[in-house]
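Shared between the two complexes below is chain A, which has chain B as its partner in the first and chain C in the second.
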Partner chain A sequence: MKYGYFIKILLAFFLAFAPTQAFAKTIKWSMQGDSLTLDPHAQNEGPTTQVSRQVYEALVTRGLDMKIGPQLATEWRTQGPNTWIFKLREDVKFSDGTPFTSEDVVFSILRAKQRTSDFKEYISTVSGVKAVNDYTVEITTSKPNPILLNQLSNIFIMSKKWSEKNFAVMAQNWDAGQETFSATNAMGTGPFKITLREPNTKTVFKRNKKWWGTMKDDKVTEIHLLPIKNAATRVAALLSGEIDVVTDAPVQDLARIKNSPAHKVESTAQMRTIFLGMDQGADKLRTGNTGDNPFKKKAVRQALYQAIDIEAIKKKVMRGLSEPAGIITFPGVNGYTEELDKRLPYDVAAAKKLLADAGYPNGFEVELRCPNDRYVNDEAICTAVVGMLGKIGVKVNLFAQTKSKHFKELKDNQGDFYMLGWGVPTLDSHYVFHYLYESGASWNRVNFSNSDVDAAIRVMEGEVNLDKRNAAIAKAWKIVKDDISYLPLHHQVISWAAKKDVNVPIRPNNEPLFRFASFD
Partner chain B sequence: MDNKALTTLDKIKDSEIYFSFIKSPTAIVSSILLAIIFFCSFFVEFITPYNPFDPSSLSLMDAFTPPSWTSEGKVEFLLGTDGQGRDMLSTILYGSRISLIVGFSAILFSLILGVGLGLTAGFFGGKYEMIVMRLTDVQLTVPSILMALLVDGIARGIISRELHDEMAIYVLIFAIGISEWPQFARVSRAATLVEKNKDYVSASTIIGVSNFIVMFKHILPNIMRPVLVIGTIGLALAIIAEATLSFLGVGIPPTTPSLGTLIRLGNDFLFSGEWWITFFPAIFLVVLAFSINLLGDWMRDTLNPKLKK
Partner chain C sequence: MVMLVVAFVSFSLFNFVGDPINNMVGEETSDEERAELRETLGLMDPIHVQFTRFIINASKGEFGISYQLRRPVSELIIERLPATIELVLISALIALVSGTLLGVYTGIKRKGFLSDFILAVSLLGVSLPTFVIGILFIYLFAVILGVLPSFGRGEVVELGFWSTGFLTISGLKAIILPSVTLSLFQMTYIIRLVRAEMMEILQTDYIKFARARGINEKSINYKHALKNGLIPVITIAGINIGTLIAFSIITETVFQWPGMGFLFIQAVQFVDIPIMSAYLVFIAFVFVMINFIVDILYYFIDPRIRVKGDSASG
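And then the complex of A and B:
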């Protein structure tokens, strides 16, 4: 009798859980770093957006083909040059059950415009946003904005009610190290909700049953994000079956993964350019030894440029998986041309001469700041650069650290010489100029300032005549390229590795969309 | 034999230890190995033409050259090169010098601290002895690698970043040394307890020799045997502790790599077929630690009369 009950209970458990267990499948996702914060407006950084993208949605979004399409807005039209009307999807609920309305859109856009938001530059031309009715939103811009849709595709929509309830009305002040509810919790309209968040260890995404869309494969019910910093450990975890998909497979291990019969590798040119910045604004280098700032002289910047053997980096550090770059933007972005992307030749003798002519025959000393868990082989690239610059007498001290500290200290203006990578989510050159070249821009840490470039940026923002606008872009590129304000290195090529039966479509912005994931 | 003609060398040859040494093949082999390693590590400048710590002398195009006996190897890089084009052999020798310096200094530090505390505790007894011995008990409950990590973490907090790389080696010596001293304290206290009741100690105390002289001139030489044995074995442990800490990334910075740092850096290339980057430093570390251990074992057997056949 005793055993009879036991068996019945067991059977009941089995019947209750067996079907879902057989049906449910988890994708274990790994990359070297984690999202910096779950607050969707606090940090404009790749992995952070990758995580937010699974949970939050925007008015419009890029699909697998990278073209802008509807998401929370079903249709839109312009009314005059400065006004846009968005019709919202009516069957959307947040994952906590609250219906989604235009109030949430107004709230979120205003939230993303706050001082503490890292997305305010995206929508700096948005001057007003108001709810016309429950499902219609009107956005006004201060001047005609031809790339508003591109920009809005990166502004995630939060629930007004949820944010008010949880004291998250302001975007988290990430730069100041603020901790908020929204930084460790996420609640959006997207296909997944986050049920467990342990930063840098594990994040669990569960299917949002209230999501309005349809999954490509209903078997995908859970995503676990398990960041593994060490490249070899990450590959070992993939090969042993502990991890299903790695979105930054180390270049040195691709051959090994391809050899495994149970795994596959996909590579694509990524929308990201890696470069080095040199502070030209400071009067004296913080880490220098000459008492002045050699980077103020163009000849010095050019010497450093020509001393870098980018082909050697491509061959040895990147194992062929990179495209040497001449400007900080890549094919496919409006304004890119092959002519601009040509590099100055690698020439150590010329570099030495330039340095001597500029008044530094014995070189100088400077610290190079690098992230060690952000870009493909970032620290190895920096180490290689240290050796190459050593050959022309510039003694570079490498300081590599984790990306959260690297970015924070960079934003605090602490770097003389640093590595950064730049993607262009809007696929328009304006984004690059607006963040990296405009006087006083948030990521313009080289302190570049040129009134002609600033004027060209104004044209890019307000000019609806495409020919005139493109002429402004071309002119601005020419100025900054000739000035050598940054040292471009290469366009990154990314590789994703996964189990053979797990399909997560690779995207050139390195953002997985798990709603399109499927099992064979 | 004529006693007057006995030179120091003859005295050594005539001694018990020398006899035991030449009768023990393991002791001979391990000390030869150690002698080679020590010589190569400390005179590396004269042995290899490369200085792996000078980044401007490296060429990235030499990176990932396999060992010279493989088909793609180059003669000038006997054990191949790492991902930055550094010659593996010279990097390992430079690295082992750092490992040896850290190991020796750490063990010397804990020996001085441990023997000092253990000897005085055994000699004076009373509350002082109790406090010292409970302190060792407390410290023995904390695994030594955790202790070292803790010290390193605190040091990282209080030393500015600019100084940290330069200070790293001292921090490491302190961290390892502080985690090993209880062994020495216990052994020397136990030995002191035995010695202090012997007649020669009583005799010196009676004629008014100061406690300090009694302890360090009379007792210390008599307790040095067991201390030297655990010191030798502790040296191997200290070298491995250094490698562990550097492998975890809290030890010696990668710009001047020690053996542990080298193994960590090479670990990234294990899957990609560049096995030599991590294999040779690892083998070198094993040979080094193993030789020291063998020598320590031999020393224990020889110096311990109870184990004599």
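And then the complex of A and C:
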């Protein structure tokens, strides 16, 4: 009996003092995948960068508005076409206490250019980097590089001293399965440091007390990353309160999460556009029945375009979570305009007429290749397209398969008609033209070739005068849009779900910045 | 021999799962770099060369480096093994103990509401797919009642190379849902088996004699009848441990259980050939070993086999 009272009193104490513990709060974050390595230069990959970005910083960075702004560099200017001068922050310390200087910048950029780094191609135009003084760095490029700042925003700065002490001077050789100290430990200048790392299970980020910046909300002291592969389990963990924020909420569960009084859902257009490609280079369709290649005719391509009811796809297949697209790039990318993104009207009668005028009054037959595990509802979109094209007499046979086979066969040039999605990590139109439209480009499987577009791409690569460069981009977009080289479908929309009182601002690149997180 | 066949079949299957290259590199990688990577991985060699190389390495216990995680496969499997073994052991235990008890009960009380109820529920256990049961459990116990965690293994304690979840409260709580989910199918199996055995044995002469001698019912049921009824159960249970490991693929995926099955599913999606082949070979090995052990156990448990063997030799 005596003990019973004692325990009750103890319990009462606990309950009374529990709320004071609530001041320091943890955000439990979940997504499907995990970072592959903590070495910031070993893998240029989504979740890996998302994790590194909480710990490491770059010279410049994209804020919540996705615009480039200062981070470790306060200002920069160009000196001639190939030289850039960066002034560094002087009040920055790494989380182990060592001061940050230009030596660290020189070290990190050279590290990212090493053979073992996954960023060596990414910043291949950077030909030299040197420290002018402790807080000034000079970067030279082999040719004028208009998107250098974009690229530098993804090159994280490490401590030279720390790397030397821990034998991490070389970037981890990911392809050879190398294990390094830097792959399992992280030490940067950013708002958080990693105190526990169990790959694919749990990563604990604690506040870096030495960080130079200010947190939006000081109550955010810890972040736990708990990856959950299965979508239903991830949602269940969110609803049961074990997880605070999910940065890849599945479309089919959004309604249920919204119905929960304790949770909320935020959506934004993602940096990825889904489209269909039609091989215009082949003389004869591999899967056709007409003995020629109807896709060579613009009228046929336009007929297909106008036969697709994109609003119906948005409503029925995507449950409202897509933005119909007129070009293969999205808001926020340099070169995007709303005018370009307007679609040709959905018009079955016009499509039928175009098809008849082009010499195919009875339509034709073709195979549509789709992935079934790559994009949001990819196979369902294709199934819808098959039905819509059937209405104008084009008999489409759907061939959906796993992404590892789909992309391989696409690369082997086996597709007449296929689905693909394209993201633009550099947020500049050049990335789209260089891979999808340039003659002979690696993802140009429609075999599009236009000398004016190729010339415009050369200008995009070498012109530092922004007006002239933007004019070239606009011209190139106009040409390819008029030509209907691809059938754009929509921009994907991503959704984050969180507890009502936990605010982690959603960003189009799907990358959370926990320094902007807050509690209500 | 069995192992060799499994190795060959699984190996030839990999030609149909797709190309790992695209998963391994970014979309901006040039075609030349892709070809180079394919060359370094040995994917350009003819199939029989690849297969011979695989067999030679496998016999040395080397399964190469995972394409996705970039770590030695043998190391990954050893790391994931404890989670799967603990899960499988607990669910085998649950299945055996509760399966036997319920089986005896339904065998003795053939008519009665509770027996019918148990049989009806057990029927549900066989017919519903594991992932549906798992998700139902998650919603019931984690979302609605909020008493058990919905994913993961909880806190684990490292004992040498073995990480165990048995020593912490969160670890024990975390194993309840996945192990019950995994055990349901086997439990149903055992219930039905024990029930049939009991019903048959209770009709036999020696039970009737025992009753005639006035031995009490409890002793008859559990001492005399159950003992004989358990022989086939043990055989089946042994073999079923292998099945449990195989079934655990789905359970582990649903509960984010960091075991081998989960590793395998991720490997399939990524076309991580070294992990897939090592896993299949490993599972084949487990099955072969279990069958072997069960055969030996049979000899010890069932006196009839011993008698037959002795008389044959003598």
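What we mean here is this: the second predicted complex is superposed on the first by the 289 of 520 C-alpha atoms of A that agree within 3 Å, B and C clash if a C-alpha of one lies under 4 Å from a C-alpha of the other, contacts with A are read in each partner's own complex, and residues count from 1 in each chain.
As a working rule, contacts are C-beta pairs under 8 Å (C-beta built on N, C-alpha and C of every residue); 3 or more make two chains touch, one makes a residue touch a chain.
Everything numeric in this text was worked out from a predicted model, so none of it was measured.
Q: Between chain B (first) and chain C (second), which, if any, makes contact with A:Gly390: first, second, both or neither?
A: First partner only, chain B.
Q: Who does A:Leu398 touch here: chain B (first), chain C (second), both, or neither?
A: first
Q: Let me test your reading of the model: by the given contact rule, A:Ala231 touches which partner, first (chain B), second (chain C), both or neither?
A: In the superposition, A:Ala231 touches chain B alone.
Q: Would you check which partner chain A:Gln252 touches, where first means chain B only, second means chain C only, and both and neither mean what they say?
A: first
Q: Considering only touches as defined above, state whether A:Trp174 meets chain B (first), chain C (second), both or neither.
A: Only chain C; A:Trp174 stays clear of chain B.
Q: Which partner does A:Asp217 contact after superposing on A: first (chain B), second (chain C), both, neither?
A: So A:Asp217 meets neither chain B nor chain C here.
Q: Which of the two partners, first being chain B and second being chain C, lies in contact with A:Asp309: first, second, both, or neither?
A: Once the two structures are laid over each other on A, A:Asp309 reaches chain B alone.
Q: After superposition on the shared chain, which partner residues are touched by A:Val317: those of chain B (first), chain C (second), both, or neither?
A: Touch status of A:Val317: first partner only.
Q: Which holds for A:Ser240: it touches chain B only (first), chain C only (second), both, or neither?
A: The answer is second: A:Ser240 touches chain C but not chain B.
Q: See if chain A has more residues touched by chain B or by chain C, and give me that chain.
A: When the residues of chain A touched by each partner are counted, C comes out ahead.
Q: Do chain B and chain C land on any of the same chain A residues, and which?
A: In chain A, residues 230, 232, 236, 239 are touched by chain B and also by chain C.
Q: Which bits of chain C are touching chain A when the two form their complex?
A: 17-23, 26-31, 34, 37, 40, 65-66, 69-72, 135, 138-139, 142-143, 146, 149-153, 253-256, 258, 262, 265-266, 269-271
Q: Can you list the chain A residues touching chain B in their complex?
A: Residue positions touching the partner: 230-232, 235-236, 239, 250, 252-253, 255-256, 309, 312-313, 315-317, 380, 383-384, 386-388, 390-391, 393, 396, 398-399.
Q: Using the touch definition up top, name the residues of chain A that touch chain C in the complex.
A: 36-37, 44-45, 118, 121-122, 174-179, 199-202, 226-230, 232-234, 236-237, 239-242, 373, 402-405, 407-408, 411, 422-423, 435, 442-443
Q: Would you tell me which residues of chain B are touching chain A in their complex?
A: Those residues of chain B that touch chain A are 54-61, 63-64, 83-85, 161, 254-255, 267-274.
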